[in-house]
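Letters A, B, C, D and E mark the chains in the order given here, with residues in each chain numbered from 1 onward.
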């Protein structure tokens, strides 16, 4: 049995009065890729963002239950949220590099923590290599990040997250704004990264979930309907809704 | 053999210098549902909008080739564009009712043509019935259209298009902003409407194209890769790209 | 380490908070000033006298009837709006709906630029050019009157109305226009029946904003309106708007005299009028969100 | 105040041109002295002198008893210097047949009791009353000496400058107005008041009824550069400048 | 037939709109032409660099140029930090809706308050209460409060236009709120903040009513030595030349010349700002 990296226990979340997440209890296994699938608005992004407390930004968010990162409840009072976020990398749907140079983008997380320049230089190179971007950008680290193509920008965002040396990376539909080639590259990259970090990925593309993930969670209306190994969920879904969704009946 | 309602002949379209549509030659058959599928940005919407000259709104649009509506080239000089648009209904991705009452929305097309009130009343009821909305709104025709749910608004937009008594309706991803129930309802509605009008629908949802269309055209990078009966295209695609797309490898 | 970090965070937040309080304080200061210097007029003059029709602050006994001043302000402002509304909104519609991108990119900045022209320059134009011009055209004894002030103020307000209306029109979702055109409507029908009604709030908001600007304008009216404290019977007569009375008479009053307080009392009225129009603009028409 | 090298003057806008023009020539003669001249109004001038924020306060009226009392109470001795005479001429359009008016007729015209020239024996022609802006010093004099502070006609045209009055009168047949003596040209005609024509002489002697003096106030007897400046204004050279600015010089033998 | 009527409506309607726009442009052209053609004649090197002479009927307007320059710089320097910090508070920290609403109403009320009321405020508070007398300091403070809401509104908008994506990315990397503000939000919004501020420079330079009682003097030869000195200022000079003094025939051309200087300054400054903004929008990649 693999290790659990994250475990949620009866986790509930409200935006104001809207009950968005209902009694979520799933594990995220260490050094595996877990895919979160489900129709639009079912709460995939919200669940993902619960793992680094990005939902705190939304006013009137209430939660109940626990989210254990290793053995720490990240919602316990007086915890330093910035520390948790630094440990958990996050990549968004649209590539969102800062309007700074390529180098400054990757260095950002380290600079705000006041790391030494030499250490930063080294980490920038390492992260860009891990994100398969080093060769493409090594000669123009001071160019604006916007001079990169969409796919490169998304890999830059992955590199930026990797620079913090996170144990886990959350990806929210990372390829939905990309062309097929870039998509393929990011998928490969995910598989490659699996050796180093735990990956949780939200995707609308069922085929993608099938291709790259080890585990799949299917969500519907804020609940986890089914969770299991991808092979099993895709071939012999236990629930009717899962089957319907996989067959493209809705969404 | 069924009648052709629309036929394009070597139709090309440029936005400025960008060549968007390449030598498109497809028929749209009368009283059938034709689905246009393909990855994002391949030109589906642009092609659809060529059929009622909505692309004219985009500055620096150039075209070459013909689009025959029955036996009239809609791009021939000095043609009255408003007349063509009145004959061709169009429904957009996001429901876009006017900020007016339900009644005024449906009556809009007739009112601008100065039809008689009695005729308008009758047409409004008929269109709302055709769009399966009459029972839900008959007691509040003067309420704002925004008081309706998303799915109802989309059906209102269909009713609004139907009020002009068009021979053909163009739908651009009409369900992508809707929930499963509303989606199902609109799909059924399309099938029902097929008896009266020709339908051309753009969709991202491959399963949806399979469920409701008689013919399918697969587009890629501005070209029609494959066109044929839906059954055939879906089961034995002739082109590799079609197969790849249907299997969810890209998009 | 961590406490240092939180301290820094808190310090920064407090600085921004103090700056915000300062802003509120400025408004508070203005309100307190005009009310504490304006209300004492009630010691010298009854409220109904204050709303009398004669403004003779230097006669014996002085009369502090605000009505001629209020009337002057309102008449000029309405005149200005009558001029500015068709030109402002008309050009806004043209820029937003009809002009090509090229034209738009040239004209919009020009109109924005116009909004920045100092009012004293407009005043100069009115005094030295427009007023002699009007005398010749209409054969009137003075060109410094309600009409010329309205014209100048109107020209001044056009860019305000135009650029704000343009913003409102441009904010109308493209898909509404498309829906209308797709139903076979002409461009004109689309503009009149769909775009304008959808942008109604913003457009009306631009008018109330223009009203607020025009009624508070000082230099143009002090230079161009003629300055007679009367309720005019024609637009060719000079008027004395509130702002003129304040700016022109403040220097001649003895600090703390009834006249001094009366001028501050006028500023209260002026402030309330602009406050209310502003409030309506922001919260009724623009519905500014947080 | 030690070795002062600047003089600040504030007050009446009527006196402003005199102060400005004399200051300019004075500075040319004394390049290391700077004079700053600003308006504000007579009350501002007197108030500023009392508060000590300026060296010289200009006023087109005499200091009021109330103000003087307040100054005495705070131990300030305010000294008045009459620097010029100002006479206000009543002017009509050249086509008008009237040549003489009385003070009380003027008052009736400006309060609206008389509305047509024929009531005064002239043509049958409505009177167009032209006045100066309330904030102007000229209005102030007229208001005091002619209207005796009675309410003026609301519909009078209130013009911003002497020149505007001249232009308006010259182009409007039925118009009546008032300007400083220096502004009378042959485009308009001046009438006598109570039988006295406005001339330099009649104004200096106060024979002409609508005349006044313009003054500068200082705190105590001026010393140092302030004294130098005041002396310059009162000198023949200074008085020439006063005349250039459209006012009437003070009588040579009667220097205060 | 019906189609015809609709077509005619369309043609009439659109031409009416075109007429309104052309008239507006025509106003502008006539206006600028008159000011520049009448004032242009007066402009010379001497006019720009010398003090007024011969009772303001000759010489130049140099002290007024200098005065306006300092008034503008000082007031922007005072208002800028307050404006930025207030906008930061409003966009990032304000939690309570009520407080935010109060701030917003205050800012909007300040923005809509007539400038003459600022003049009264400056007179009562700075000139008299704080005893600053008529001085550059009193005038700058008054003008600073006048532009404060302009700077706040502009900065707030600039900050709100920073894509939420950037902020999220920064926070997700473990940055604190202050770090996110100082390293991501402000740098991203800076060009927009600065262009807005440049535009408000134009606004301040042209304001007359607030300095009538607080800073402006009619005539001085000396350039300001300290913030406690009163100064000549271009907009006030135009007003004074037209309404005071004894030689309108000589003063009006000078007023036109002064207007050309002021107008050129304002138009150039706001033109630059508009150009920057235009370029910025073009080049913006997000």
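By definition in this document, contacts are C-beta pairs under 8 Å (C-beta built on N, C-alpha and C of every residue); 3 or more make two chains touch, one makes a residue touch a chain.
Nothing here was measured: the structure is a model prediction, and the numbers come from that model.
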Exercise for the section: Enumerate, in label order, the chains that touch subunit D and subunit E alike. Expected result: C
Handout entry: Fewest hops from subunit C to subunit D - one hop per pair of touching chains
Key = 1
Completion exercise
Separation of the C-alpha centres, subunit B versus subunit E, in whole Å, is 51
Handout entry: Centre distance in Å when subunit A and subunit D are each reduced to the mean of their C-alpha atoms
Key = 83
Practice task
State, to the nearest whole Å, the distance from the C-alpha centre of subunit C to the C-alpha centre of subunit E.
Solution key: 16
Handout entry: In subunit E, residues with contacts to at least two other chains
Key = 6, 176, 213, 242-243
Practice task
Note the residues in subunit D that touch 2 or more other chains, in rising order.
Solution key: 13, 39-40, 160
Problem - Numbers and ranges of subunit B residues touching at least 2 other chains - result: 82-83, 112-113
Problem - List of subunit C residues in touch with subunit D within their complex - result: 54, 56-60, 63, 68, 127, 135, 141-142, 144, 223, 226-231, 233, 237-238, 240, 248-255
Exercise for the section: Would you tell me which residues of subunit E are touching subunit A in their complex? Expected result: 95, 163, 165-166, 168-176, 179, 183-184, 187-188, 285-286
Fill in the blank from the handout: Counting only contacts in the complex, subunit D reaches subunit E at residues 6, 8, 10, 13, 16-17, 20-21, 23-24, 27, 34-40, 53, 160-163, 182, 244-246
Handout entry: Residues of subunit A touching subunit B in the complex
Key = 39, 41, 179-180, 183, 205-208, 247-251
Handout entry: Residues of subunit C that touch subunit B when the two form their complex
Key = 100-101, 173, 175-186, 189, 193-194, 197-198
